[in-house]
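Both of the next two complexes hold chain A, though its partner changes from chain B to chain C.
The block that comes next holds the complex of A and B.
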């Protein structure tokens, strides 16, 4: 007889699996005798457990739960004492097969059923195959999406690359250099962007969004909204005269609001496509019905159409890769740090733009100041700070905001400290960290290198920032030196963490894929299937799956492309695990289990 | 240190030593670092280190650290638990620890005191004059004994732990200064004002302490219940009123648990507030009944008052939360010694 033990973890998450329901389901599985919660059995007392096993005449034990592996060693010991085979303690891990919350309770039941009958879930729930359309949709034109598009296009397959903003590049395009190699970010990224822009197999749809997905694995119909750029991509020659004359201004998205741009603009000089566009929210003509200066000065007739309307298109694809990246944490949420209150408290992303030679201050670090109209911007006219504090883990590793570690901020903070020193040799730079996470190849060496550049690296989380003597006072405990420090500096840099996009849940619902508690997209298997989802033909790549750095995002982009190419070459694609109804899984598991018994 | 969880709640294992709490606290300064270091000592089981630290007494439980702790480790409540534990450590009789750990022991003690008072009343035939005379003498001697036999030895023990055993080597002059700030501090608790957003709480606290001390002086030394002096009678009403009004407000705020620090009240904390309230309220009633000539018919009200006062004086003052007030005032002085010692050390090192 088989016994089932549930290891229930109560993490207080309201959408968690309903263990009571699973408990009763388990009792009805053929061949299953006693069903317990781990708290009801003497788990840690091998002798008592062995006695229970004998008394109940158990031959197999299934341990079921989120991470059931933890208690297995105790049970194998008890099985040996009871005279059974220790191999007959088997695990039914709900998480491993993506039954992470209660909407997937049927999958959890399927897992239980299969394991109880001695069949692996993957075997019984293996989805059937179906024909695949050769074209692919990539959503998101950051480094991960760019990489995936190139891999597929270079395999001679057609790719539609949908990007919400006016240019490809994502966050990486904003940086000056990347850790740990301190390579110039643009030198790596721009050639790739240009290659995408010129590739005959890639159709770039910028300023566009996915509005609806119907169909099934291998054959998806996707509705795409092409927002009006109001500048014709084919004929715009990128001369920039329109921008020069345009009277309307708005904060620049690409520069993270560190400066203003015109209503007709190009996000940055190396943008792909290298064409201008009009922001309807700030254009005087769109808002007030009169202006049209740009049309008058534009040298190409008919290039600017101020009345252009948004358009919709529909495409058919076999595979979809989601690479929508992240949203930076909103530093204003933490009042004690005074972001938004003290102008010289800035975010890491703002500093990236200041340091970038193509940024608002020509690559030099200046104070934030008010322009004539009262907008807070960075300009070369204001002075330069001489001392800096860089604060780690802003919004990350904090029960009050995001519990998880954002994984890149330790390293980019070190990078920024180095870049500050490069620009301002005499500057004092203080870094405040909780733990220094230098986990990648060459990262520990990078840390050591920066430490030796005369940067003061302090172990202690900054608790508050206040104005003092016209400067900023940063209060922290210096744990390793057993001190309390109140450091006065000119500028504070908040190393903000990474968060899922606002629309991640909406997109997930449209595609039928799932998100985790924190909002990142869920992969089919964390260890062995990191880019697939439970929906056939939909893969995920880059930070949208969880915080990671550029090398990892690129690796995932390639991995997702491999999955897509595999299906195209084969001409067949697997349907979704999630589409398998419970009865079907049960039926298949019974078949498998009967045939196994027949053999032995 | 499993024992600590009997003095409060135990989530401090979650702490990952980021130092946020120490830095966010408005009361920490160079050389006086808490609460992270106390959590460290606790996690590592360094009982001696904890027993010899004054820092827990310097915390006023504003709750800033708990609110901003990234691990929900609740450092503020931990400081409160350590204070309870220290109270038990300092107390040579061992009763403070017993009462914190066992609610039933505390209740049994309360009942015994009540029976004692009722028995005394019985012996005196519930003759109001005799009983009230006895009550007056009892209060007087109670204060004397509690101070000499329990509180003073316990403060000496505290001094031994936090200054001598902790090897604080302060210059002589700083001892004299320490006595000065002990006195200001004891009455005003002015340090709380250093905490952000604490002014209202401080004022409440200050008026309550003043009311309590006033009531004590007026009933015990000025014989409020026996006097004919109009000024004393009115003063008594004012102080008695202050005590029960403010304790009442305190109870309401605890119940609504609006403030961070009120989230985890211990049964002993409740006893403290309720008894303070009852003392003020019954004293007020007794005098009122005297003034409108009702006391002889309603003598039970004095009996209740006496029971409450005795329980307060015999149990809550020497072994309960009342001592926190005392230890805290001394702690400020001892911490100043520690700071003076640190300055001296730095000076000799330089």
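The block that comes next holds the complex of A and C.
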């Protein structure tokens, strides 16, 4: 007969395992005789304990608890005195197998059950393998999603790439240059986008969103909402007449509101797919019910359908890669910097578009000005600023907003300073930083290079930005010289940080994966398993797991693809441990236990 | 009828060809005199390519590559630059105007710059007049 002794540790933690429940559960396990708390038995008196063992005719003793190893030596001694095998004192350590709090009481029960039957928990609770569907879903068409899709598609497997906006590319497409190599971002990204667009194994679903996920690892049913594009992808010839004639305008998402676009538009000239789409929020026909100019001028009959409705489709996939990326911090939240109040306070992403040769000002930095209709946009007609202040850590490393470091801002701020100097040689550039985080290969060298280009790098936080004499006055501290400083500049650039998407939590719930306090998706293990989640068949890649730069996002995209290909090549995928119900574990433990008895 | 020169342009796949593509998709207008040949890298442009272009009747040759430091193959554009200087010397010896060959750096986001470059270069070649290379070779052989 087997006896169970619980070593109860009362650490006053409210979420701790409910030992009373486990106690009663233990009594019901087959083959189990007496169940005690360690305080109920003469644990430290070997002779008395041995007598008790004899009296109860115990052959095995299971010591269960958070740290059961502590009392084992006393019991092995007692077992020897009682004439039994000392190796028959076994431990059921809840913490070791991850049953750390009361939400995981089923796992604790499973551990107890297995050990009592003489089966190791890892053996019985080994997740089952199931067949895997060969298709893969990639959520997010940014650089991480593109990379992952290409890796899988080049392995001859089908990929569905779902993208919320009208084009692939994500945030990287908006950047002018990448740090520290100063490569042109479009030169790296656009050939990859074209490759995705032409790949026979990739089905691109732009302007679409994932609406629901059911099923289990290896066999997910995914509901996808195809938002009405109102332009037929197959017949649109991309002539551009509709955009020319369209009367409605709205701020361009791709150019970060630095310029206006029409209601029927291509997000940017190198978009993939390079077809038009209608923005329902600004289209006159959708809003007021009459216009239809685009339909009249379109040379292809039936190409534009203004009354098109959203459609839903369902696909079956074996694996899902989540690469949803980030949302830039809303600089308007920090009132003291005056974003939205002073037109010459701009965000780094806006400057990125201004500097880009394909941007609204053809690569020249101009002041923000009002057009005839009162929209604040950047145009080549206004003057050029001569001095700049770049403020680091806007919305990052700040208890009031985000505590974490966004990781890329230091480097991209240095890059922007360099690009400003490249465009306007005589400009004065001031950088205000807290700590300079140049953490990667070649980054420190890049920092040194920028320092020597005549950029004023000031260490200290910025307190406030005010308007004075028509210019902007930056009040800041200079820690290294131990003084408060004021500097008048023409333009202030806020280096905004990275934030999780607003609906990241919603998606996480849909997929059953978890998010961290800040909202980033949780990986299985920070050091050794940064792409898997706790749910089988769902991997994460890119910034949605935590702030990272382009090389890291690309590397993670490839890593996620490797995990997916691994399961597809094998044809089998492991279910998650948490999918396993207690009954299943009990059943398997019994099976193992019976087969062991048969052998001996 | 005014004289329209024929210009052969060698564009690198990664930066300049994408830049020219951007000029096209952005609907920028530029001179139609240019005949684009896509090469994987400006470093692929062998000097004999340039010479055979003239032999076949081109009036000017334009080579575009990634900006220095941006090359997809690390140093292809530097190799191109060396050959360009070499060709310039050779052109002088052959009595060809050095303006008949031009090397420019165009990145993928510089559609506008590409369109402007084509326009200005077409103008330059127009002023130089037709290249007699083809005729000379034909009369000699």
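Note that in this section the second predicted complex is superposed on the first by the 453 of 600 C-alpha atoms of A that agree within 3 Å, B and C clash if a C-alpha of one lies under 4 Å from a C-alpha of the other, contacts with A are read in each partner's own complex, and residues count from 1 in each chain.
Operating definition for what follows: a contact is a pair of C-beta atoms (placed from the backbone, for glycine too) under 8 Å apart; a residue touches a chain by one contact, two chains touch by 3 or more.
Note that this is a predicted model, so its numbers are computed, not measured.
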First (chain B), second (chain C), both or neither touched by A:400: first
Which of chain B and chain C A:274 touches, first, second, both or neither: second
Chain B versus chain C as contact partner of A:425, first or second or both or neither: neither
Contacts of A:502 with chain B and chain C, given as first, second, both or neither: neither
Which of chain B and chain C A:597 touches, first, second, both or neither: neither
Contacts of A:87 with chain B and chain C, given as first, second, both or neither: neither
Partner chain(s) touched by A:301 [first = chain B, second = chain C, both, neither]: neither
First, second, both or neither for A:358, with chain B first and chain C second: second
Contacting residues of chain C [partner chain A, same complex]: 13-15, 18, 21-22, 25-27, 66-67, 69-70, 72, 107-113
Chain B to chain A touching residues, read off their complex: 16-24, 28-30, 33, 36, 68-72
Of chain A, residues touching chain C in the complex: 176, 181-188, 190-191, 238, 240, 266, 269-270, 274, 356-358, 362-363
Residue ranges of chain A in contact with chain B within the complex: 336, 393, 397-400, 434-435, 459-464, 475-479, 482-484
